[in-house]
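After this come two complexes, each holding chain A, first together with chain B and then together with chain C.
After this line comes the complex of A and B, so read on.
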């Protein structure tokens, strides 16, 4: 009888230990999947931040550091897909840039026909494509070549997940 | 007795496991990118200073306007009926609200390095915005730069400090 009770205790202990070990294994498995997802998000986040820093200092868009040139923005926009395709070699696919001059006027997209009476540029994949993304915004200046003045603007960079 | 020891060991094992879960979960919290916050505030300051105001004379850019407010606060710039100090306060408020309405800010303007006396003219320290941001315990970001302003043929260095705290 005593040996049976001892055997039951051992069986119970073994069962608990197995349950705990299984729980640990499951948790570590779940954790590594979570870590991989997190790492993937971090990489996309890094890309969005790099895109922000690159566009704020690239001679393609700027006159000097963090001062964008409206004529260059218009020219790049006119190049359209060709330009985006070239930059996809650097940044990968699924990204966009947006510049909005902060004035009291309503938002007017810049094209070749309405320049310089406009205040908004979207380059490459438009923001409204409905995908989840990582977005950074930063205040910058835009030099208005025709008016010869510096305006304050918001530069937005985004990478889709 | 042996079963009791095993039970205690098991409890320890569960405690270690729980601790591990807590530590790993706390590590996975989203870390706010420090580099981005600093870059944002620094760019905010430099961009605002460089922006053209639309006024003429000593107030062409925000930087000029701050210089005017500091060196000759009662001067009235071309295109405005307001004195430089009032105009600077209004202009900064307007730009800061345009950039982001969800932040508290304070500009501190002080005499910069190599400062020489203005012979009883001008101010030695002014601030625009909410100065309560400097209180202890407020999570704020600070950016600083030196601007040059010319007054009566002399060049003055003026230090501009911007502190920003974001409302949640």
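After this line comes the complex of A and C, so read on.
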């Protein structure tokens, strides 16, 4: 009778130890997933910041570092959404770019027909909204080819997760 | 006397302790391996970040962390056009690699990271390069302008390490090694360019056997597959275009710019289990990447030329001032538009053939010439 009670005691203790081990494993798993989510957000944030700097220096949009070329911006806009897909091969998925010249005029989106009488470009606009975005903004210069002058503008670049 | 209960206790204790011991040992060994891989990942990721910073700033740096492990299995890989390039290593892959990045990683060696570029006039493509301590040894088999210009171009493609405690030096081999030719010292980039401007003499070959830190570049009209036993052999055919051979009998690469040659020099002949050399991989990466980015740049610049031509044409009033910027520039932009059309058409080919590379080079040269006209007439400032 005594040995049977000891056996039960032993089995209960073993069961309890297994439960504790499983709980620890589950907790560590949950902790790792949370860490990975945080790390992923950090990576996307760093990517968005790098792409801002890269866009501001990319010869696709600029004439020199941090000086954008208005005719190049218009060219990318005119080349359309299919071309954006190709650009995303360079800049990655979810990337977009917006430039707004800081003048007193109302915002006029640049198109193929109204160049150069416009002051706002949105390149590779994301199709669906509601996604979490990582966006950075910086002041830049824009060279207006036709007027042969430099304007001050705000460059916004970001990625959608 | 031992009871059944005692036997049960002993057995259960043995099973449990064995299980825990096994689990701990297994976990510990996995952790050691995982820990090393993780550190390697972090180092390669740091190298990628460093290369991005160098790309943006243009300031060279020495990257020290590669001394900790062997990263010689790593290479930049071009993935399908919809995916971004990445760095592939035996222990895993780091993605994305946004900027063009050529690197040569030797086991446990530091690398010098710098920015360089290829200039097409209407577009300048920047790339970063990471190179360990290296001696580039030229073996020019003739003393023609073409050979000397090519040596200058190749030297220009390497970073200038003067003032840093890691050295990329240049020299000749004419039967014996001629290295200490800059006032009795090793020549770095600028010193060697001066030597190339001042002296000219062909080499009669090279019989030196030297270590891996020496990269041999033979330039000869006689180059053919497996002609050289070390380094690369360049056979210039026309200005800026020709063939490159390696010691591997199956290798024949066409070059059309110095970045092609650089990728083959840095790549080396180390083969993966599928028999593909690192030089081949780096050459493939360079060409696919440059072709993709050149295509995008040509499309943007062509559309830009079209937009500016239309705008300038509408603003040109010859009766008022036929020499105005608008009147002078719009025909030139029209010309650039058609030349870039040729470039785009040529970029659709696969560049393994000399003829196709030659037609691309020709169209790129023509577009550059038109762009220089635009600069000359003040249309591009």
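As a convention for this text, the second predicted complex is superposed on the first by the 128 of 161 C-alpha atoms of A that agree within 3 Å, B and C clash if a C-alpha of one lies under 4 Å from a C-alpha of the other, contacts with A are read in each partner's own complex, and residues count from 1 in each chain.
As a working rule, contacts are C-beta pairs under 8 Å (C-beta built on N, C-alpha and C of every residue); 3 or more make two chains touch, one makes a residue touch a chain.
The model shown is predicted, which means the values in this text are computed figures rather than measured ones.
> Considering only the touch criterion stated at the top, classify A:10 as touching first (chain B), second (chain C), both, or neither.
both
> If we overlay the two complexes on their shared chain A, which of chain B and chain C does A:72 touch? Say first, second, both or neither.
In the superposition, A:72 contacts chain C only.
> Does the superposition put A:92 against chain B (first), chain C (second), both, or neither?
second
> With both complexes superposed on chain A, which partner does A:140 reach: first (chain B), second (chain C), both or neither?
In the superposition, A:140 contacts chain B only.
> Find the residues of chain A that appear in the contact set with chain B and again in the contact set with chain C.
Comparing the two interfaces on chain A, one with chain B and one with chain C, the shared residues are 6, 10, 53.
> Would you tell me which residues of chain A are touching chain C in their complex?
3, 6-7, 10, 14, 50-51, 53-54, 57, 59-60, 69, 71-72, 74-76, 78-79, 83, 85-92, 112, 115-116, 145-146, 148
> Looking at the complex, which residues from chain B come into contact with chain A?
3, 6-7, 10, 13-14, 17, 20-21, 24, 28, 33, 35-36, 39-40, 43-44, 46-48, 50-52, 61, 95, 98-99
> Show which residues of chain C lie in contact with chain A when the two form their complex.
Within the complex, chain C contacts chain A at residues 3-5, 8-9, 12, 16, 52, 56, 81-84, 96, 98-99, 123-126, 292-293, 296-297, 299-304, 306-308, 311-312, 315, 325, 381.
> Would you mind writing out the residues of chain A in touch with chain B in their complex?
6, 9-10, 13, 16-17, 20, 23-24, 27, 31, 34-35, 38, 45, 49, 53, 56, 66-67, 102, 136, 138-141, 149-154
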